[in-house]
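Just so it is clear, A, B and C label the chains in written order, and each chain counts residues from 1 on its own.
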Amino acid sequence: MSKTGAGNFFEDFRIGEVIRHATPRTITVGDVALYNGLFGPRFAVQSSDVFARAIGYPCSPVDDLLVFHVVFGKTVPDISLNAVANLGYAACRVLSPVYPGDTLSAESEVIGLKENSSRKTGIVFVRSTGCKPDGTKVLEYVRWVMVRKRDEAAPAGGDHVPRLPEAVLASTLGDACPRIDVASYDFTLAGSPYRFGDYQVGEKIDHVDGVTVEEAEHQIATRLYQNTARIHFDQFNGGRHVSPLFAGSTVFAWSEVLSRAEVPGRDEVGALRLRTVATKDRSCADFPLKAGEEDDPAVLLDLDYWVLMPR
Amino acid sequence: MSKTGAGNFFEDFRIGEVIRHATPRTITVGDVALYNGLFGPRFAVQSSDVFARAIGYPCSPVDDLLVFHVVFGKTVPDISLNAVANLGYAACRVLSPVYPGDTLSAESEVIGLKENSSRKTGIVFVRSTGCKPDGTKVLEYVRWVMVRKRDEAAPAGGDHVPRLPEAVLASTLGDACPRIDVASYDFTLAGSPYRFGDYQVGEKIDHVDGVTVEEAEHQIATRLYQNTARIHFDQFNGGRHVSPLFAGSTVFAWSEVLSRAEVPGRDEVGALRLRTVATKDRSCADFPLKAGEEDDPAVLLDLDYWVLMPR
Amino acid sequence: MSKTGAGNFFEDFRIGEVIRHATPRTITVGDVALYNGLFGPRFAVQSSDVFARAIGYPCSPVDDLLVFHVVFGKTVPDISLNAVANLGYAACRVLSPVYPGDTLSAESEVIGLKENSSRKTGIVFVRSTGCKPDGTKVLEYVRWVMVRKRDEAAPAGGDHVPRLPEAVLASTLGDACPRIDVASYDFTLAGSPYRFGDYQVGEKIDHVDGVTVEEAEHQIATRLYQNTARIHFDQFNGGRHVSPLFAGSTVFAWSEVLSRAEVPGRDEVGALRLRTVATKDRSCADFPLKAGEEDDPAVLLDLDYWVLMPR
């Protein structure tokens, strides 16, 4: 009856269904500035048009995580307004660079459904995609989320758990990164002297300084992403959503190099597979992860991802 | 003696006086991004240049409320630095679309003055206008506000209460909205399937989700608008200013369709007159408004306005 | 061993060493909007492209303090990550206007070193410079800061305290300000009727309204400036860093005209040397500065600087 959107419940989803999400968004330098003010990235490529052009971009690209958050935000009203818990993400790939002025839209395909035995909830698996107006895909990822049922007696729209890759294959990387002119890559301006060859598998890096998150900050971020989740956006993870973060807490992080790989056809960059673990209110000097068999209770996020590094 | 601007007091205003306000402002995509981060609008026309162009705009226009706040902010140093209370707004019309890169300036004509019997304060009525450099009016509204006197014995600059319309006439609407190509209006991307014909007079809509307002958020908004009011900007209302909002409170809202109207010469859009009521720390599921003869104490804002909807 | 940058310690600096700082930055209208939202400036030249063009700029320049903060932020990872205290700034000059779209990089020359008698810390003096890609200097300043030693036994990299000017000479001012068309300078739109000739040496001005600073605000500012100081950025001073400011406090300020000067070759503007004193949680109506021989404990900042005013 009411025009208030109640969102989809578990029994509303059908396997194979494709959902076009509302609110296409033109990303501007204003969005980039506010993202910078909230997250504090210091990548030279994203920070300086001059640096970006020197190595082969037409101008500074938009940070991949801002692209992720904007695309993700669009999926919320259709996928997870009635979510009980975010369960995981997989197969996330950045497929094309995004520049200020580009307009992004998003759609999701339902690729799996699994009702829980309680019949009160079920798990919805979607493959979500962000696109430019000409159809160029900029991002895709699989997400699974536990969603409430409106009616316990309603039948599920399918029963299938998709097979998901343990990790993104290195051979599929690099579409969002043009060929880099490494001779013009100024390592001093980049802020780090280390190249691909300087990283060893098993190496761990403590990122040292913590960042305190305030209510106003995560709320501004949520609205910047046009994310309508009732509990506000907290953080995403590329594997497991371990624990929520509340305002006033301080986030620390460490990373480990999981593996190194060549990227086919690319001799100027190499790929590092990293695991970044974030904690709340606990230093990462000793690389916390497990407490016996269990997760360390301070762990917020356990993210497995690839980065390209100049050689 | 001091160069510190003390602002105007009630006895400083004269009926018919026109005040040019300081600090013209070029609205940028940066202002739009920060407005989005603070308020979280999700209108497809304002969000996507591609969507806007498809239906007849040259690019995404700036949200009318951002235009209102910027114009309003300019009036504060001259009109309400010594205000005791905002009393009301009327006859507010959006007269021309504003695009990023446009520069706005503001002026106000004093159209009424009424000293209070205490002789300590008086009510100032102004018609304020926002303009582009070529003189195009983008916004006008009437506001009345209670302002302190510097000197109780000083004579008032006039004694006249202007006649103000109960509501904006539908026949005067639409100047800020180009002719819309409804065939290209993608209702899925817009996020709502409802057209003008789907709304009934008397229909009420609960907007469900509340938004908590933090100190940092309203302070950043105030400065974004270059509003110099000492108590910071809280909210505006299109009729009555019912109660202040303090940081930490959560705002909820509901709306009612008051009437439906044709817009002369426009067969592609219709006008809905809406009443939106906002509350603090109280759900709007039961559409709160009155508590007996009195206003419900949770009501913050009671706003009467028209919107154009595609047919 | 670790790739985590530990920053330089006192014994790592050498007199005459030039350090190129990382993370060049393209300043955008987005950065300007967020700066405005955090600080609330209302200068007509920086606010309106139309006003700026009328008087001789190609468009609104970026606020000098935003330029300062961005350049300063880049120096932090190399100069002051291990700072105990900021001690002072001198000889700061704005050398060229910066416009949205300009890219800034920064470098610092070590011009002095003085180990403290405890041998636990020493004072580092640097001259830091911000540049555009074509080498145009936009800003330079000298800063001195007390930095920890990694190893008490390590020898200092030099022993020299540079001679610094008591004040910037008026004859060196004006490079960042094009010739102004004062006939087109609209004093009403500027928000103040006062010209150079209206200010007298010794005149004091209370800026009246305080501004409360919240955690989210100073944290967003710090990240906007890509400043990596562990304790977050608080405020800078042009002489003495008197006392830290914590979130929740309210800042007030007053200014005194210290002197008036001609600018060589410029008959359309004159220079005022100002002292601005900021306090926390204390009104400036009585121009607080000293409490007996000591600084008034409420004083946060004591800034000595020149401004150009139209004649």
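Note that in this section a residue touches a chain if its C-beta (ideal position, glycine included) is under 8 Å from a C-beta of that chain, and two chains touch if they have at least 3 such contacts.
As the structure is a computational prediction, the values presented were derived from the model and not from experiment.
Taken pairwise by the contact criterion, the protein chains are fully connected, each one touching every other. Where subunit A touches subunit C, under half of the residue numbers in use are shared by the two copies, so each contributes mostly different positions. Chain geometry summary: the mean Cα position of subunit A and that of subunit C are 37 Å apart. Shared contact sites, meaning residues of subunit A that touch two or more other chains, fall at 28-31, 33-34, 214-217, 220. Those residues of subunit B that touch subunit A in the shared complex are 28-34, 36-40, 42, 44, 47-51, 60, 188-192, 194, 198, 203, 205-209, 211-212, 214-217, 220.
Remark: subunit A residues 2-5, 20, 22-26, 28-31, 33-34, 77, 101, 103, 105, 133, 214-217, 219-224, 226, 228, 230 touch subunit B in the complex.
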